[in-house]
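By letter and in written order, the chains are A, B, C and D; residue numbering begins at 1 in each of them.
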C-alpha cells in the first residue's frame, strides 16, 4: 500500500475535518476568526469529557447508555450541595456520585456475568432511566440556578466561563483529562488490560488478565467523566436541570465511533475520540456559520456521520478483504 | 495401485495468493484424480488451508487457473462450489452452535429437505450411516468436540459431492471415531469420490492416502504416489531438514510432590484427586468429553468450581480465577486457540506478552522496550514464522499462532504448565520443539500436565498417565512399562487399574 | 419443579407479565375492576400494536445478528409522507408509496450493514438521526394534519362491532389489532417454516459458518433490514392514521424501546436465538407495565424508576442464567 | 370529591411539574381529587394515557398535549365516553374544538406577539436581532415563532431577523451554543435576541457575557424564576410571563361548571400574560417555579 493511501485510510476523519474547515473558511471567513476558534474551544466543553470516558467502555468491548442519566443526577445533586458542602465539597461529591453510578453499572454487569456489548447496551439503558428518575425525584423537576445559591460559586463560574491565558478553563480541564487518560491507556498496565479485555475477554481472562478489574475501571471512568462533563455543563450554563444530559449518550458514542474506535472492542484511542468530537463540533459550527436551517442541519449531520462511519469502516473491510 | 489411470477431477495450475506481508501460495499446481485419496502435508503455514479455501471460494486467488470437473472456475463462492460438487470440512469447526444437529447438517437447505421434519429424518439417516448416535435435535453447543467433528463430516457427506476436502478432520477424533472415518473414506473412494486429505499425522497419510503432495512455504515440493515416499523422505521434504526422532528422550528426574489436587466435584466430575511431582510430565488420557479439560479448568480457576483443595509445594492455595492460578505458578494453553487463546486484532508481540504484563510494568507503567524484547525473544526461540512482531496475530497460520501462546506462558515460566491439546494442528517440526519445551520445563523442576487426543504423544511424553472416564479417574499407569492397550481399556472405562 | 425453574429462567417476560397481572388482581377493588375491564384490556392491546408491528421487523434483524435503530426515523418520515402525498394522489397510492419509502431505506441500511459491513448498531443510529432531520425538513418541524376521515379510520376503526364502549356491550376488535395479528401470523410462519427464516438463525448464530455452508448470507441479511424498514414505515403510516397527524417528533422513543422490548422478550442481540412470539411478549410487557402503573396511579418519576428497574432486572437475570452454566467468560 | 385527571405532556419540564402541583393543591377547593399522569414527551403515550383515564372512569380530564393534532382521536374517544375534556395551556384548532369542552391557555401565539411588540417598542427605528427557538416541533415553540414573526408580530416593522434556529430539546446549552455561533457570525450587529424560553435566555446571557457583548435586548417567554431574576438583574430585558396558577384554577372552575351542566362560555379562556421588565418586575412576587 502506498503512503498516501495509508494516510487516507488512517486519518480520514482528520482529512474530513480539514476539508470541512477549508470549505467553511472560504465561504465564511469569520470561521477562522479568533472569536470563532475560541467558540469551538468552548463547545468542546462537556461532550468531549463524556466521550473520552465512553472511549474506554467501547475499547473494553462494552457500551454505556447510562451517561445521560448520570449527567442528570450529578448536575442537580452537585449544584444543590454547593450550599451545604461548599464548592470543593460539592465538586468532589459530584465526581464521587458519577463514579458510583459507573461502579453500579459495572457491578450489575459483573454479577450477571454479561460479556457482550448488547447485554451492556440494554442494562445501561435501563440504568439511565433509573438515574434520570432519581434526578427528577430529587429535584422535583425544578431547575437550579447559581443565583439560587447563598453566594455565587466562583469556582464553578470559572469552570464554565473562565480562561487560563488564551485557553478556556473547560478546555484546560479537557487537555488535562486527555493527557491523563492517554497515558493511562497507552502507557499503563491497567490500560493495556482494558484493551485486551475488549480484544478477547476469554483469552484475556485465561491469561490472568484481570478482566473484572477492567470492567469496573471502564465503567467507573465513564461515570467519573460523565460527572466531570455534567459539572462543566452546568457551570457553562449556570443552571442545572434534571434533564440536562439528554442526548449526550448518543452524541458521545457517535463521536467515539466517528473518531475511528471500533465498536468491536480492543482497538481505539482517546486521541481518535478527540478527532471525532472535533468533527461533530466543527460540523455544527460550520453549518451554523453557513446559515443552514436547523432542520437541514440535523439531516446534514446525520448524513455526514453516516458517511464518516461508512468511510471509516471501509478501511477496515479493505484491510481484511482477501 | 493405479494412480495415473483415472481421470483428473481437479486441476490446479500456478495458483498464487498473497496476504499483506505474506505470499501464502507461490505458483501451486496439483492434479487430483477421480476416486483417489489425495493427501496434502506440510509445515504450519505451508499454505494448505489457504489453497483449500481458494478452492471452496472463501478466498479469491490472485493468479492461476483451476479446472474442476471439466469447468474452469474463476471466481466462485462457497455456495457455488458446493453445488458444483465440491464439499469441504474446514480446519476450524464450522457449525452454528445455537442450532440443532440436524439443522446444521442441512444448513441453508431447509427447502430441499421439505421443512423441519425432513431435515431431521435425513440427518438421522446420515448420522446412522456413519455410526454417530447423537440426537438430531440436540444443540451443537452441547456436543463434545469430537461429536461436532462427526456432525461436520456428515454435513460434507450430505452433498452429492465429487470431491470432498478434509482439512485436518482427525485432530479431535477418538480412535474409534477415527476408524469410522477411515471406513467412510474407503466407501467414498469406492463410489468414485475424490478426497483431499490434509493432516499432520503421518500414520494417517501412510494408512489410506493414495497420492501425497508435500507443500512448504507456499510451494508444492513434490507429488508422488504414497508408496514412493518413505516416512523420512516425507518429513525431510516437509520441513526442509531431517528429523531424527519424533519424540525426545523422556525426562527422568521425577522428584517429590509438587501439587496435590483433592476432590474436584462438578456436575460432570466425580471426586477427581491426584498428585503431580516435580520434574514430571503427567498425561491425562480419556475420550473426548471425558472431563480432562474440565479437570484442568477447575484447577486453573477458569470455571466456577468450589470445594476442592489444591496444595502446591505443601502449602494450600486458593484459586478462584486464572489470575490467582498464574500467581500460584500455573500456566494454561487452552484447547480452543481462536476463542480462548488469541486476541485476534492484536499484534504477535502483544499476544505473547499478555500474561506477563507485570514483568514489564514499573509502578503501573508499561516499559515498551522490555515488551518488545519479550516478543522478539519468543518469536526467535520458538521459530514463529511472522514478518515481524507487530503484525496482527490473525494473519499467522494456526501452528504459528499456537507457538505464540506457548511463548506467552514460557515468559512466565510457570512451574506447573497445563497443556490442553498443545500440538493440535501443529506440524511435526514445531511439535518437536514443543516437546523439547515440555521436557525443559520438567527438567528445571517444574511439571507439566498434558492433555492430548493423540495417544502416542501422551504415551511417549509422559512419565505417568491418568485415565479419565466419564468424570472419574479410572487408573494410573507408567506408560513406559504398561502396554498402550491396557491404558486404553482404562480410558474406555473397562477396568484394569494398576 | 424443574419446568417451573425453566419457565422462570427462560421466559422472563411471561413471568413478569404474570407478576403484573397478579399485582393487579391483588390490588382489588376499583383498580382490578378497571384494569381487567374489557375496555382497558382491549385498549392496552391496541396501544401496543404499533410497537409490536415495528418489533416484528426488528426481530428478524436481531435474529440475523444485526439490529435496526433507524426505525424511529423511518417511522416519522413515512408517517409524514403518507399524509403529504395524499395531496397529490389517491390515498391508497400515497400509503403504498409511504411504505415503499421504508423499504427503500431498509434497502439502503442493508447496503451499509451487509454489503459494506458496517456496524449495524451505529450506522442505523446514524441513519435514524438523518431521517429525523429529513422529517423536520419535510414538515418544517410542524405537525402535519390529515384531513381524510378514511385515513383516520384505518387505525381508529373497529371490526365486528361499533367501537362504542358501554358496559356489557362488545365494542368490536380494533383494526390495528387485526392488522397486528395478521402481521404476527405471517412473521411467525416466515421464521418457522421458510428457508429464509431458518437461514436467519444460521446467519445470526455464526455468520461465517452460514456463508461457508452456501447460504446467501448477504441477500438474506439484507432482506431483514428491508423488511424491518418496511415494517417501520407501515408502523409510521398506521401511527399517523391513529393520531391523524404526522410529525417529526413521534419517533424519538421508538427505536430503543422496540429493540429493548425485543431483547427483553428473549431474542438475544448475540443473534441466532429467539423468535417472533418472544418479541411480541416483550413489547406487550411494556404496554402492560405502563398501563398497570397508570391505573395504579404511580407518580411519573417512580414509573420511570420502576420501568428501568424491570428492564435491568430481566436482562440481568437473562445474562445470569445464561452464564451461570459453567464459566464466567 | 370527584376524581379528575391532569395529563401533562412532559413532567420533566418544570412549568408542567409546577402546574401539576398547582392542580393537586387547588383541586379540593373545587371539589376535585386530581391525579396527574405524565406522557414523558411521547405523543403516542399521551393518547394512550387519555384512553386509560377513560377506562379509570375519571369524570374530567385536563390535557396539556404534546401535539394538538395528534391528541384529537383520543379526545374523541373521551367525548364518546362523556368525559369532560379541558385543554390546558393550549387550544385545539378549527373543527377539532368539538372534542373539548373548554380550554385555558396563555396563548403562545400571543406570547410571541407580545415579545415582538416589546422588541418594536425598544427599537422603533428598527434593529437586527436573532431568534432562538425552543424544541423544534413542540407546539409552544411553533406558536411563539409564528406569533413573533406574524402579522401582529414583527411583520411590517423595521426589525430584521438575522438568524433563526430551533433547538433539539429545551436545553439551555443548545441555546447557548447557537448564540455563540451567532455572535461569531454577526458580532456587534446583533442588537436583540428573542429566545423562546427564559432558561434558554440564561444560556444566551452566558454567551453574550463571555463574548463581552453588552446591552443586548433579550426577550424571553415564561416568567419563571430564571426570567424573573434575569430581568431584575438587568441581564434580560423582558420576560413574557405565564401564570400557571391562574390557568390551573380556571380549568378547575370550568370543570366544576361543566359537571354542573353549565357550558363554558367562552370555551377558550386566555389567561393574560404579564410582562416583566426592569420597571415592572419588582411589583410581582418571585415565581415559584
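What to note about this one:
One rule holds for everything that comes next: contacts are C-beta pairs under 8 Å (C-beta built on N, C-alpha and C of every residue); 3 or more make two chains touch, one makes a residue touch a chain.
All of these numbers come straight from a predicted model, not from anything done at the bench.
For the interfaces A-C and A-B, the C-beta contact count is higher for A-C. Taking each chain's centre as the mean of its C-alpha atoms, subunit A lies 30 Å from subunit C.
A straight line joining the Cα centres of subunit A and subunit B is 44 Å long. Remark: subunit C and subunit D have CA centroids separated by 33 Å (rounded to whole angstrom). Residue numbers of subunit A whose C-beta contacts span two or more other chains: 136, 141, 202, 205, 264, 293-295, 297-298. Residue positions of subunit D touching 2 or more other chains, listed in rising order: 11, 136, 166. Looking at subunit B, one finds that residues 302, 321 touch two or more other chains. With chains as nodes and touching pairs as edges, the resulting graph is of another kind, matching none of line, ring, star or complete. Pairs of chains that satisfy the touch definition comprise A-B, A-C, A-D, B-C, C-D. In the complex of the two chains, the subunit C residues touching subunit A come out as 67, 112, 116-119, 121-123, 125-134, 136-137, 140-141, 256, 259-260, 263-264, 268-270, 300-302, 304-305, 307-312, 315-320, 322-324, 328-329. The touching residues of subunit C, counted against subunit B in their complex, run 193-195, 198-199, 201-202, 204-206, 208-216, 272-273, 326-328.
Residue ranges on subunit D touching subunit C, taken from their complex, read 11, 35-38, 40-45, 47-49, 51-52, 54-57, 66-73, 77, 80-81, 136-138, 141-142, 166. Listing the residues of subunit A that touch subunit C in their complex gives 65, 108-109, 111-119, 121-123, 125-130, 132-134, 136-137, 141, 201-202, 205, 211, 250, 253-254, 257, 262-264, 293-303, 305-306, 309-310, 313-314, 317.
Only residues 28, 30, 33, 35-36, 39, 42-43, 46, 136, 140-143, 145, 147-148, 160-161, 233, 236-239, 241-244, 246-247, 284-285, 288-289, 291, 293-295, 297-298 of subunit A touch subunit D when the two sit together in their complex.
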